[in-house]
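Read through the structures below before going on.
What follows is a pair of complexes built around subunit A, which joins subunit B in one and subunit C in the other.
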Partner chain A sequence: MTFDFLILRQHFPEMLSGVVTTVRITALSLVLGSFGGVVLCFGKLAGKGIGHVVSRFVIDFFRTIPEFVLIFWVYSCLPLLMTLRLSSEASAILALSLYSAAYLAEILRAGILSVDRGQLEASLSLGIPTATIWVRVIVPPAVRRMSPAIISFLSELVKVTALLSAISVAEITYQADILGGQTFAFLEFLTAAGALYFVIIFPLSMAARYSEHRLHRQGVR
Partner chain B sequence: MNEAAALNPPTPSDVAILVNDVRKHFGDFQALRGVSTTVSKGEVVCVVGPSGGGKSTLLRTINGLEKIDGGSIEVLGLKLPGSRREIQNIRRRVGMVFQSFNLFPQMTVRRNVALAPRTALGISRDEANERTERLIRRVGIFDQIDKYPSQLSGGQQQRVAIARALAMQPEIMLFDEPTSALDPEMVNEVLDVMRDLAGAGMTMMVVTHEMGFAREVADRLLFVAEGRVLADAPPTEFFDNPTNERHIGFMSKIL
Partner chain C sequence: MSAIQEIIEDSGGPVIRWGLLLLCLAVVGYALTNANWHTIRGLDFSAVWIYRGALFNGLLVTLGLTLIAAAFGILAGTVLAVLSQSPVGPVRWLVAGYVEVVRDTPLMVQLLWIHFALPIITGYNTTPVESGMLAIALHAGAYFTEVVRAGIQSVPHGQWDAAYALGLPMWTRWTRVILPPALRIVLPPLASLTISFFKGTAILSVLQIGELMSVAGRISNATFRPVEIFSFVALVYLIIGYAFSRLAGRLERYMARSEGRAS
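Moving on, here comes the complex of A and B:
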């Protein structure tokens, strides 16, 4: 069996559009998920009240169910319950945003809780306005501490997008599968798909490793 | 309360801190069981006693870091428990120095000191900078002004923390075991700064184990144990003539 590079070159535009779709869905889900994550994080940090209970439930729920089920459910069951009809890509973004929000909420919460309580007390005792305390005192060390976790979550998210091929979102895996079927060149296209994921994710995991290393070097800071 | 104070109760305008029957519990643990005391303006009061006796809790109730469960506190005429705004007002007029310094690690010394006056008082950049440099010079570490806290010794960090609190131009300074986390050779550099402050007429409340410092600088000492003020006396009486049983026991252990 030979590996036909030519056929990959012929279908380069379709594969590239798969990459674009993967990146677009990942980026949108990450951004929307961040907003949701911030809300859920503060809900859970409140420690009591209805917001806390709801946030905890949402976080636990979306972290427990398999991503595959979540994606299918949003795509096939949500339209049965509501009048709105979502395109497969919109369903994908909705499902992955919920998934991201739940995970990011926990990452953010851990980052915020890792900030030394003494610094909060010092800034309170100085009478610094609450917004300034968040922006200047709590967020910078929290972000620095959670950046490795956020980057590795991002690699997870890229991998999860491969599941979207099941609801015919034209991302990398879907394109490879379709092109493979049309040309009988599964070896070429699925190998190429793997290589493309590697090219996207490997730099991310290097970045995670680098930021973790930097964190260790800074030690007490 | 000592006799002189009882005979000549301070007039309201002379009172910096008025603590009245304050209670505080953490779960089942009763940290303060009805504490009352008065600190006059310009007075230096040292608070001593065994760990877990309520000294730090008492200090932390005064600027609202701990909410009280009973009684009341009046700081510079502002009452606790109070609204957020009132608590904020108290905090802007009362400086606090912590055992573990609590400097902001991601900021240089200069930024640590300038942050509160810039953002809470809204003074100009130039004025904040001028104030920062003056205070850092006053605590004797001007050559370290652009370094990060992690590059400084413990004693230097605590002096930055004092300068940071002073940058708000507080009328009262609270010190919560300011030298307890320091290596012995660095204790004096911090106490010297505190001596200067006391000499300049600052109203101070100091939780400390430094008996030499307390004897020399304090106008009054409180012995706090089991969540109560068990003794309240000027230094000579406090050290040489303790009357409370727990106080006598404590003094015999530390002297």
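Moving on, here comes the complex of A and C:
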């Protein structure tokens, strides 16, 4: 067994384009998912009516269905049911945005609900305008408490993009798999793929741990 | 009405509700106007019924893999979590390295690596089923280790001190003093991890190991009915996953209540 670094150097551009695709898809789904997450979060918090029921259903649906099944369904079944042509990357972004929206909605909701009740009642009875309550009383502690969960969700999302290789989106795993098949250097390319993911995700998991640690030290619970 | 609801109501509760209603109508309207009625009218779910035996077997394999992941995970996770508290540095580093490497790379890459790259090192070709089981077991081991470790660290310091002061031997200290409360605390997170491994088994279908998703792929290739088969399979995953998560939620509430009674 030999580990051939030369072949990795030779195919460096392909692997790099895989990294770019992974980052692009993660970023786009995170942005679109955040919009969806905010909508779903307030839909669920608003308490009654059809919006509440629908938000709850959508959140539960996309949190329960396996990511792989969701990605595969959006890619292979949705275009058949609709007069809709999606490239594999577009269907990937659609599926991952829905997935992120559901998870981010729950994280946001937990953050908002974690704000101390006494502080809310105090600001209400002081007659502070609601806009100010949001900006000054709710958002600062909520953001602090959500940040570990949001960072770990981001690393989860990067890991989920590896599933996109099954619908031939040219991200890191797909490139490694294809290059491995072409050159029979599976060991080199798959190890490189794993190392690339590690390089992206390890700082994130460190950051999540750090922000969690800081939270506990401040005694905010 | 709680304070947060009052604040949301004040800052535009009706707007949110009507906005959501409009959004729902817009999505439904878009779906209806762009639906491919020709395909939808031609949907024929009889393929699901014809292949019910194969699908059921696939489901059993999926559940079996989940069970393997959970059983191996709890076992390895407990042992490794105990080792992660070892006074010997290299042991701690090895455990931390394993946990970090597995948790910071995707299951998909681990699976492909174990199936295609590991045989180059070991010289032993694993079958897809062996690779799949190995991958999900290793994956589960790392996640469970992290959870059990958190449980061990949540055991109050006084209990460690008491065990030392009584001069309990190491084995007794772990099995009688530290692990029982630690494992009790981590029971709810262990349950939700098991659900995520149930979802993760679908990933193993890229190696065609005969679980629900790969069975579905094979049937859809044979019958040319991907929409019916995959939608049905998605529904099965949804129902079982939802039932599991309801059970896990109930367990969590039960634990929280009995915790409150104990203290």
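The rule is short, and it goes like this: the second predicted complex is superposed on the first by the 219 of 221 C-alpha atoms of A that agree within 3 Å, B and C clash if a C-alpha of one lies under 4 Å from a C-alpha of the other, contacts with A are read in each partner's own complex, and residues count from 1 in each chain.
The criterion applied here is as follows: contacts are C-beta pairs under 8 Å (C-beta built on N, C-alpha and C of every residue); 3 or more make two chains touch, one makes a residue touch a chain.
Everything quoted here is computed from the prediction, not taken from an experiment.
Partners subunit B and subunit C, brought together by superposition on subunit A, fit side by side with no clash.
In the superposition on chain A, A:10 contacts neither subunit B nor subunit C. Looking at the shared chain after the overlay, A:136 reaches subunit B, while subunit C stays out of its contact range. Counted by residues of subunit A touched, the larger count belongs to C, out of subunit B and subunit C. Applying the stated contact rule after C-alpha superposition, one finds that A:87 touches neither subunit B nor subunit C. The superposition of the two structures on chain A yields an angle of 100 degrees at the Cα centre of subunit A, opening toward subunit B and subunit C, reported in steps of 10. Of the two partner chains, neither subunit B nor subunit C is touched by A:182.
Of the two partner chains placed by the overlay, subunit B and subunit C both lie in contact with A:121. After superposing the two complexes on chain A, the shortest C-alpha to C-alpha distance between subunit B and subunit C comes to 7 Å.
Residue overlap on subunit A between the subunit B contacts of one complex and the subunit C contacts of the other covers 121, 124.
Within the complex formed with subunit C, the residues of subunit A that make contact are 1, 39, 42-43, 45-52, 54-55, 60-61, 64-70, 72-73, 76-77, 80-84, 112-113, 115, 117, 120-121, 124, 130-131, 133-134, 138, 155, 158-163, 165-166, 172-173, 176-177, 180, 186-187, 190-191, 193-194, 197-198, 201-202, 205.
Of all residues in subunit A, only 116, 118-119, 121-129, 132, 136-137, 140-141, 144, 219-221 touch subunit B in the complex they form. Against subunit A, the residues of subunit C that register as touching in their complex are 2-11, 13, 16-17, 19-21, 23-24, 31, 34-36, 39-40, 100-101, 103-110, 112-113, 116-117, 120-121, 198-203, 205-206, 213, 226-227, 230-231, 233-234, 237-238, 241-242, 245.
Across the complex, subunit B meets subunit A through its residues 63, 65, 88-89, 91-92, 94-96, 98, 100-107, 115-116, 119-120, 148-150, 161, 164-165, 168.
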